[in-house]
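Presented below are the structures under discussion, each in the form of structure tokens.
Next come two complexes built around subunit A: one with subunit B, the other with subunit C.
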Partner chain A sequence: MRKSLATIALLACGIALAQGARVWAFDYRPFTGHYSIYGGGLGDPVAPSKTSKNIAFWITGPVAKQMFKAMGPDLKDVCGAEDGNHIRQRAEVSCSFHPKDGYHCDFGFDLITGKSIGGSIC
Partner chain B sequence: MVEIQPKDSRGFFMLPQKPEDTAYYTHGTPIRGAGQYADPRLLSLLMMIEHRWQGFDNRKLGIGNISLAGGTPYKGHQSHKSGRDVDIRLLRKDGKEDAVTRFDGQYDQEATARLIAMFFEHPIIKVIYFNDPMIPRVTPSKRHDDHFHVTIKD
Partner chain C sequence: MLKRFLVTFTALLCALAVQNASAVWDYVHRKFSGTYVIYGGYPSSEEARAPTPGDSKIAFNLTGDLAKEMFEAIGPDMKGGCATPAFRVRQRDMLVCRYRPKDGYRCNFAFDLSTGLSVGGLIGGAVCQE
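On to the complex of A and B.
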């Protein structure tokens, strides 16, 4: 009896591992989003120039949902965390969820230095 | 023909663009006021402030992003969906209708402080985000060095 239970448990583990291996594989998936190349700051952007050239990304859909869920918990008392909007941030990466608008994430880079500078303001 | 001020699905009017005899000018993204639909209380506040400002200063106030028509998500902003947020440019010493950061020599700290104090006189102000530590009552927030962000209560 004990032997058959151990066999069943081993089989179950094997099946679970096999399924896990099948579910996750390193691959690249398409996503939806927008980007803007600009100069100056996001608060008052100007045309990009040789001395100031940045990019901001704004992505939505399943990838934004995955990022949002990986970044919890929600931030309280921050700009934008009102009217049912949930905000999550890690350094210069921001994500949000609103029941009506769905998920979004944003991030951005200084294209001259490569530095991460965020993709949104309050 | 009288031009009708654009109104969105929430009943919010667009901030009048290029009005004559007022103490403000408009800017922002997207252009032509597409991001300047305001809650009526914010619109009234802006009109009161600009009217009062004319008594102090000849320079015009630079009013920027408020909200998109219908309050749809505003790319590049975490807020600006309710019509209760507005971005205002800092005052420049040379009076140009252009952007300036608080680190620039053209930044007029005294005039900007006076303008922010004028906003704070109104009880519907919830918060003003701005990074100049010399200006009282403002709340620091990332990337708020070239404008201040006013939010009114809901």
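On to the complex of A and C.
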């Protein structure tokens, strides 16, 4: 009896551990988005050249939602934060949530220096 | 008369040439797909942990045409990149792209979501690993 109780306890412990470990894993998940490679600024893009070559990414859906949630509180009184649009921005990474359009994030890189740059004008 | 006609004709030709030159490049948004992971710690299965409010990062992994385009855009290979010469690595700041004959083009980058700063999407040395 004591042996079977010990076995049950051990099994329960094993299941609990396995479930705990399953909660989070370093697993890459698929996502889709849009991008553009351009020169100059996003407000007035020109053909990319040897001196000016940038990439902007725009993503929506679950990945944008997860980023938005991880980025903490909304920014108040900023460009774009009107009409129920929630803006969250850290450095050059910007995410937004609008009840009608859902989650959206944008960011970019200067492909000549590799530095993080904005993916939107506003 | 002929002079006036020639001037008009040249001006028209010039206008057409300018229009064609500017039509060579279009600002377009192209679709792409990739994979991502949100994690804490460092971006590897051994050193990553569950993200927490103060430690949330996102790593992106891009392959295919977009990775090739980025690889070509970011310029020359890193000198003395990987021990295997067939593994080509191009790195600018925290943005890393590579090419291997076996699995093609791949680009990696990551952001710290607490600060928005660009961080490494691969841990040191992982870029040259099989």
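Here, the second predicted complex is superposed on the first by the 103 of 122 C-alpha atoms of A that agree within 3 Å, B and C clash if a C-alpha of one lies under 4 Å from a C-alpha of the other, contacts with A are read in each partner's own complex, and residues count from 1 in each chain.
Heads up, the rule we're going with is that contacts are C-beta pairs under 8 Å (C-beta built on N, C-alpha and C of every residue); 3 or more make two chains touch, one makes a residue touch a chain.
Computed from a predicted model, the values in this text were never measured in an experiment.
Clash-free side-by-side placement of subunit B and subunit C is the outcome of superposition onto subunit A.
After overlaying the two complexes on the shared chain, residue contacts for A:G43 are found with subunit B alone; subunit C is out of touch. When the two structures are aligned on the shared chain, A:W58 is found in touch with subunit B and with subunit C. When the two complexes are overlaid, the chain among subunit B and subunit C that reaches more residues of subunit A is C. When the two complexes are overlaid on their common chain A, residue A:D101 makes contact with subunit B while staying clear of subunit C. Once the two complexes are overlaid on the shared chain, A:I121 sits against subunit B while remaining clear of subunit C.
Of the two partner chains placed around the shared chain by superposition, subunit B and subunit C are both touched by A:H34. Of the two partner chains placed by superposition, only subunit C is touched by A:V93; subunit B is not.
Of all C-alpha pairs linking subunit B and subunit C after the chain A fit, the shortest spans 7 Å.
Residue overlap on subunit A between its contacts with subunit B in one complex and with subunit C in the other: 34, 36, 45-46, 58. Contacts from subunit C toward subunit A in the complex involve residues 24-25, 27-39, 43-45, 48-51, 53, 56, 58-59, 61, 66, 69-70, 73-75, 91-95, 109, 111-118. Residue ranges on subunit A touching subunit B, taken from their complex, read 34, 36, 40-46, 56, 58, 78-80, 82-83, 85, 87, 94, 96, 98, 101, 104, 106, 118-122. Those residues of subunit B that touch subunit A in the shared complex are 27, 29, 64, 72-73, 75-79, 81-82, 85, 87, 89, 99, 101, 127, 129, 141-147, 149, 151, 154.
The part of subunit A that touches subunit C in the complex is made up of residues 23-38, 45-48, 53, 55, 58, 63, 66-67, 70-72, 89-93, 107, 109, 111-116.
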